[in-house]
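Read through the structures below before going on.
Here subunit A shows up in two complexes: once beside subunit B, once beside subunit C.
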Partner chain A sequence: MLGFNSIQAHIFYLAQEATAATDATGGADFYTFANQLLNGVGIVGVLLLTGLGLAITFGVMRIINLAHGEFIMLGAYVTFLMQSLFQMDLLLTIPFAFLGTALIGALTELTVIRRLYGRPLETLLATWGLSIVIQGVVKLIFSAQLKYVKSPPYISGNLSVITGQDGTPLVSISYYRMFIIAVALLMLGITLYLLYQTPLGRQVRAVAQNREMAKCLGVNTSLIDLLTFAYGCGLAGIAGAVISSLKSVSPPMGQDYLVDAWMVVVTGGVDKLIGVLAGSFLIGEANAAIAFMLNDPVARVIVLAAVIVLIRYRPEGLFTVQKRA
Partner chain B sequence: MTQVLDGVQRSTVPVKLFITAGIVFLIFFILPFLVGVFQTALISKLLLFGALAISLDLVWGFTGILSFAHGVFFTLGGYAMAYYLKLNLAAANNNYGGELPDFMVWNGLEQLPWFIAPLKFLPIAILAMVLVPAAFAYIIGWFIFRSKVSGVYITIITLAISSALTTLFISQQAYTGGTNGITDVAILSLAGIDITDINLYWVILIFTTLVLAGSWWLTKSNLGLILRSINENERRISYLGYDVASFKIFIWTLSAAIAGIAGGLFVPLNRFISPVYLAVAFGTQVVIWVAIGGRGTLVGPLIAALLLGQVQNSAERVTQDWQLIVGVLLLVVVLFLPKGLMGLVPERIGFNKLLESPTPNPSAGYVRAGLLDWFTPLQGALRSMQGWFSKDRDR
Partner chain C sequence: MADSRSPLVRFGRIGRRKFIKYGSLAVGAGVLSACTRGGGETTTSSATGTGSASSGDAIKVGVMYSTTGTIAIVEKSLQDATFLAIEQINQGTGPWQGKQGVAGKQIEMVVVNPDSNWDLYNQMSKRLIDEDQVSCVLGCYTSASRKSVLPVFEEKDAILYYPVYYEGNECSSNVFYTGAAPNQQITDSIPYCYENFGPKGFFIGSDYIYPKESNRIAKAELENQGGQVVGDEYAALGTTEFITIINKIKQAKPDFVLSNLVGDSIPAFYRQFKDAGITPDQIPIMAYPTTEEEIQAMGPEYAEGHYSSFNYFQTVDTPENKAFVEQFKAKFGDNRVTNGVMEAAYLQTFFMAQAMEQVLEAGEEITTATLREATRGQEFNAPQGKVKIDPDNYHTYLYSRIGRWQADGQAEIVFATPSAVKPIPWSQALYKGRLCVHPAPDDRSDPTEETGNDLPVEYLES
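For the complex of A and B:
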């Protein structure tokens, strides 16, 4: 009758998503727990990648980007396209995913975000509208069917951390998880370098700290905004490219990551980028640990509740130095 | 002479508005005879969504709190009603042994949980339908509005609440029916007589009308004035000595109660409730109705819900990409029509003219303020109770 029945409730359990291919036949609780913690590390990588772009746009431009998930989805689709058209390796598609989403992000900034400056709630609405539009357009082009992306063969399999006497791995982590973390940390490093070691980064930080003053000192703030937003979207694209082979690629896939990415950003705070790392680490590991003790859904509820309490008492995030007003 | 007439017109109630509203109400009242059964059910549903949108408009359009959690309040009310209907069905034809609803039997529950059992009685169910969402909203409101948390963060909190509750309801399959929710509920009956769809339609129509009229009266009162000033300049209104947080909590709780009743009425109509309505997607849908209809117009969100629902109903037969149209519409509204579609209605013939209340009679303010004072002791009592738990809450 009416379309809400067709709106699927996208439920996303972080801990489930990280299925390390280990069988916990070791029996001992310690091994299960260790496995769970390593799974948590895998989640941290995903959270870090998805949260990073968001933290940059939120930190510098103070806009709430609800279309971030869709940029992740776009990145995944770029990877899918490259793979199906040119049989490209997943690693090689990453730059294309970055450039493609950054370009779309720049277009978005020019046409939509720029008009809504200083009105965070309006931006929030507009980006939500945008996310619906992007999803709709992608659905029109690629249809709603699930697409699958091949992960490169040389990063498959598991690394066994603790091996039992008969040679079965008791505690292990998949190489692909480690690859995700490596990419996430690399992107964090590159971003930190760009922000703190280049003249452009200095301008970006100036705009983040005091927009008016930066403008007075001759910084082209609108150009900085454009670049920042494009870069943030590009990071989302990289996240999408890397995540694409974990699950299937579909138009609503980005929604799964949106709420969690936001939780990471508000937990860590955007003052220092390292907060995003800390935030994703906290959320990922807390999720894994609670999921071990209770179960996945309860873990998610508890973590979300904890984040709500955290926002209430420290809206600026855990790792932010108190600013003078 | 004109001046005198003018004066007379000004000092009386907005006659034009009442006449227009009366005509519209009458049209809606006889509508079930003109359209088919399907349309009657659809319009009842859309009227409820309209009431939900109005309740969001109270907190967002007037007070400036953007919430994605109104779907949650709606669904909480809905679940209260669904339990009532389900339990009565289970008692009537107990296929699965005893009074247990089917999903509880399937999940190995042997006894009715204590917190669901009382919902078997209609008065308790109706109370729960209002009080559960209201109490939940009060707790949230008390928690977030008495802090330095502002605008955007509150919205993120509501997102998190919606996401967390969806997960919770899906995971507690034995108690909530999981992803399917509560299906196959009994037909609502009062004193042994089954309520037909057309009767339900009239109940819903009256409810929505009351919500609209009540909200209109509320926003025209002094309370509404304060709410709007909170939206415009929160700091200033707090410097004037108003306890901003109390007002926010009050309107937030009230709006959640309205949403809860709408949800409760929704279940006998829809015959099921599920976590779909808890999810962020439905919460956003409500936000979209309000944004497209026009924030702070009350009528706008209602019209938007009715129109968009009808358009969607016919569009879905043709295309699968109805959501894309909504997205584009939302973008256009946010970018170019900050007042929503109501902003398009020309001033001269518009609702704005109808809604214009006559110059307020200075003494009328006292009457309205008197009603407001009615709530004040309640607030005071609650605040002193809070004082028991925390020492340094002097302001």
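For the complex of A and C:
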């Protein structure tokens, strides 16, 4: 009880500190809050993009992939490499980031994951080890220094949604954030199409639902596993490429996204891809709103705690159809 | 049917032998990776440069910087600068021209990697002192790591050379501080902001001891000037999402932002600041931890027009600096830049070598007591200009400079003191008149002195 009280007191203290700061600024008005909610959409874009790959590897394949963050990092490094070798535009590097990380993902599937199907604990350990290996290798090749990725110059500036009387933008969002959201939604759309409208997607779903039966019906399950995992990793690579120019590129960067991606996938539920969209929207906006009222570190604590409570009462996530046992 | 999905069935089919085989593979992967990461066990001992150090005759020096983990980005470059200095001392090049080694002895480095983990700094410093029996240690970057090793150095009475600007309010008989004290960085930059940008400041920082203390001192300084802090926000170490903080900055409409963000948060913040449509003309950023290195990583176009306050910039115009930049690039590559913390890591190695030389030439043994007395008052023509260890408080006389970032990623120096400023470890805005004077010879008694008066600004005579 004592411990709980002291945590509560600590949160209260942090909240006090934050309110004092907001008071000094003259209080929050409507436009700033609207701006913050719109900015939250910017966070949603990043979350959706980073969570999508995990929704494939965990949601469809049930592989607990703790190296997901490192595949995002690899995507960012492919972009960096393409830019420094060939002075390529960021948009042009996206396919390379996809192919590069998908290739490494395929190698991982062949050498590690394949041998551990159906053993979640070992997979967890192996992918965790893998994440450290990838970080170490990248550090050896590229050194620990932060890397510079050039953003596309034609996607800059802000879109004003509401403009004040004197022409100053009151509620605005940057074009690059919108670009991230667009890419995320596009990738979600492509994934949905592949999964539900193509013969390949039908096979993927069949393997996910009943591997033995699918095998009996002549599906090459090991090939499907390979392709699905590589595709999930490729999506992570695209995320890395796109966010690299807005954030920092360094070997440990993936760790930051891993936790967020997991929160998104777990909250949204793993059975329906659309759950990722819902999960990232909920977490992104909750984060933005709480961070605005209190501050960033507190918002993270509250959102994480909320996700833990959610998992306790709805372990299958918010958007899962009730299944018969 | 449902059973065929259960992992247990597959598990059962894999024989015991296979289970052991694959299980050990997984564990092996984990162990292998833990080693790659540094995990506390990567101690490499190496004599650099000529490598001809005859083992019995070499002077052992500990070098403790993280080359893995979140802080590695910065600490690796400090380690590089230290390696360069020790190579020059052992080979007799650079500032050590005409000599070879320290009074004929080579310096042997014992390099440890604490993996950006504060507890490991503590353990590794114990190990350096007890097992490797080094004469002194060069190392640490964050205040958290310094606070973690301080009790070790004090208890075992060993010496640490610490090369980083820090929040002050500390004065140990076992640490030589060669980075800026608050009065060499904050005390000049806050009045500069007040006069050139305006009275309203928005303070941000990473969420740990240095940014919070540093911002507390800066707040006191700004309020002394008649200014006001209109916002105070912290982000967890390693955060790269700044959309909320930037929105709060927009709302508060400050005249300037004071940034004490560190590490990989820096490029992310500057990029998103510009991406949100705020120009340096509207709200300039004054920063302490933002150096040439981070500017290079974010791309100079994002920093152009913003400011940093530091003792050293790569553009400082001295012959020593020209040589330093040239030698550094020759050793580590043409695309590398030098910055203030690296310069401090470089110059403190020479302070150490000069002190050791003095001890040996006087025919004495290098012990903590002799090294400490010899280091007090050492002078060195560093890249930033002539600097000196203050014999009273073990901090360093350093230049105070403010640079405005240019399109090429280098700083135009817009403010500089005429010569090195005497360090005052205690922030005078918070602790008026508090001084630190170690007795000579140092008996490790409490060095704090309360004068209650305003302390005059003193400069090093050049």
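We take it that the second predicted complex is superposed on the first by the 297 of 325 C-alpha atoms of A that agree within 3 Å, B and C clash if a C-alpha of one lies under 4 Å from a C-alpha of the other, contacts with A are read in each partner's own complex, and residues count from 1 in each chain.
The criterion applied here is as follows: contacts are C-beta pairs under 8 Å (C-beta built on N, C-alpha and C of every residue); 3 or more make two chains touch, one makes a residue touch a chain.
Predicted model only: the values in this text are computed from it and were never measured.
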Which superposed partner A:Gly157 touches (first subunit B, second subunit C, both, neither): second
Which superposed partner A:Val259 touches (first subunit B, second subunit C, both, neither): first
First, second, both or neither for A:Leu146, with subunit B first and subunit C second: second
Contacts of A:Ser250 with subunit B and subunit C, given as first, second, both or neither: second
First (subunit B), second (subunit C), both or neither touched by A:Val298: first
Per-residue contact with subunit A, leading partner among subunit C and subunit B: C
Partner chain(s) touched by A:Ile311 [first = subunit B, second = subunit C, both, neither]: first
Which superposed partner A:Tyr117 touches (first subunit B, second subunit C, both, neither): second
Touching partner for A:Gly218 - first (subunit B), second (subunit C), both, neither: neither
Touched partner set for A:Trp128, first subunit B, second subunit C, both or neither: both
Interface residues of subunit A shared between complexes with subunit B and subunit C: 112, 115-116, 120, 122, 125-126, 128-133, 135-136, 139, 144, 255, 295-297, 300
Subunit C residues touching subunit A - in the complex, by the definition given at the top: 1-2, 4-5, 7, 10-11, 22-23, 25-27, 29-34, 36-37, 67-70, 72-73, 76-77, 207, 228-236, 238-241, 243-245, 247-248, 250-252, 264-268, 271-272, 275-277, 293-294, 296-299
Subunit A contact footprint on subunit B (complex, rising order): 41-42, 45, 64, 66, 143-144, 147-153, 155-157, 159-161, 163-168, 170-171, 179, 275-282, 284-285, 287-288, 291, 309, 312-313, 316, 320-324, 326-331, 334-335, 338
Complex contact set, residues of subunit A against subunit B: 1-5, 7-11, 13, 64, 112, 115-116, 120-122, 124-126, 128-133, 135-137, 139-140, 144, 255, 259, 262-263, 266, 295-298, 300-301, 304-305, 307-308, 311-313, 315
Contact footprint of subunit C on subunit A as seen in their complex: 17, 21, 24-25, 28-29, 32, 35-36, 39-40, 42-43, 46, 112, 115-120, 122-123, 125-126, 128-133, 135-136, 139, 143-148, 150-151, 156-158, 169, 172, 174, 176-177, 209-213, 245-253, 255-256, 288, 291-292, 295-297, 299-300, 325
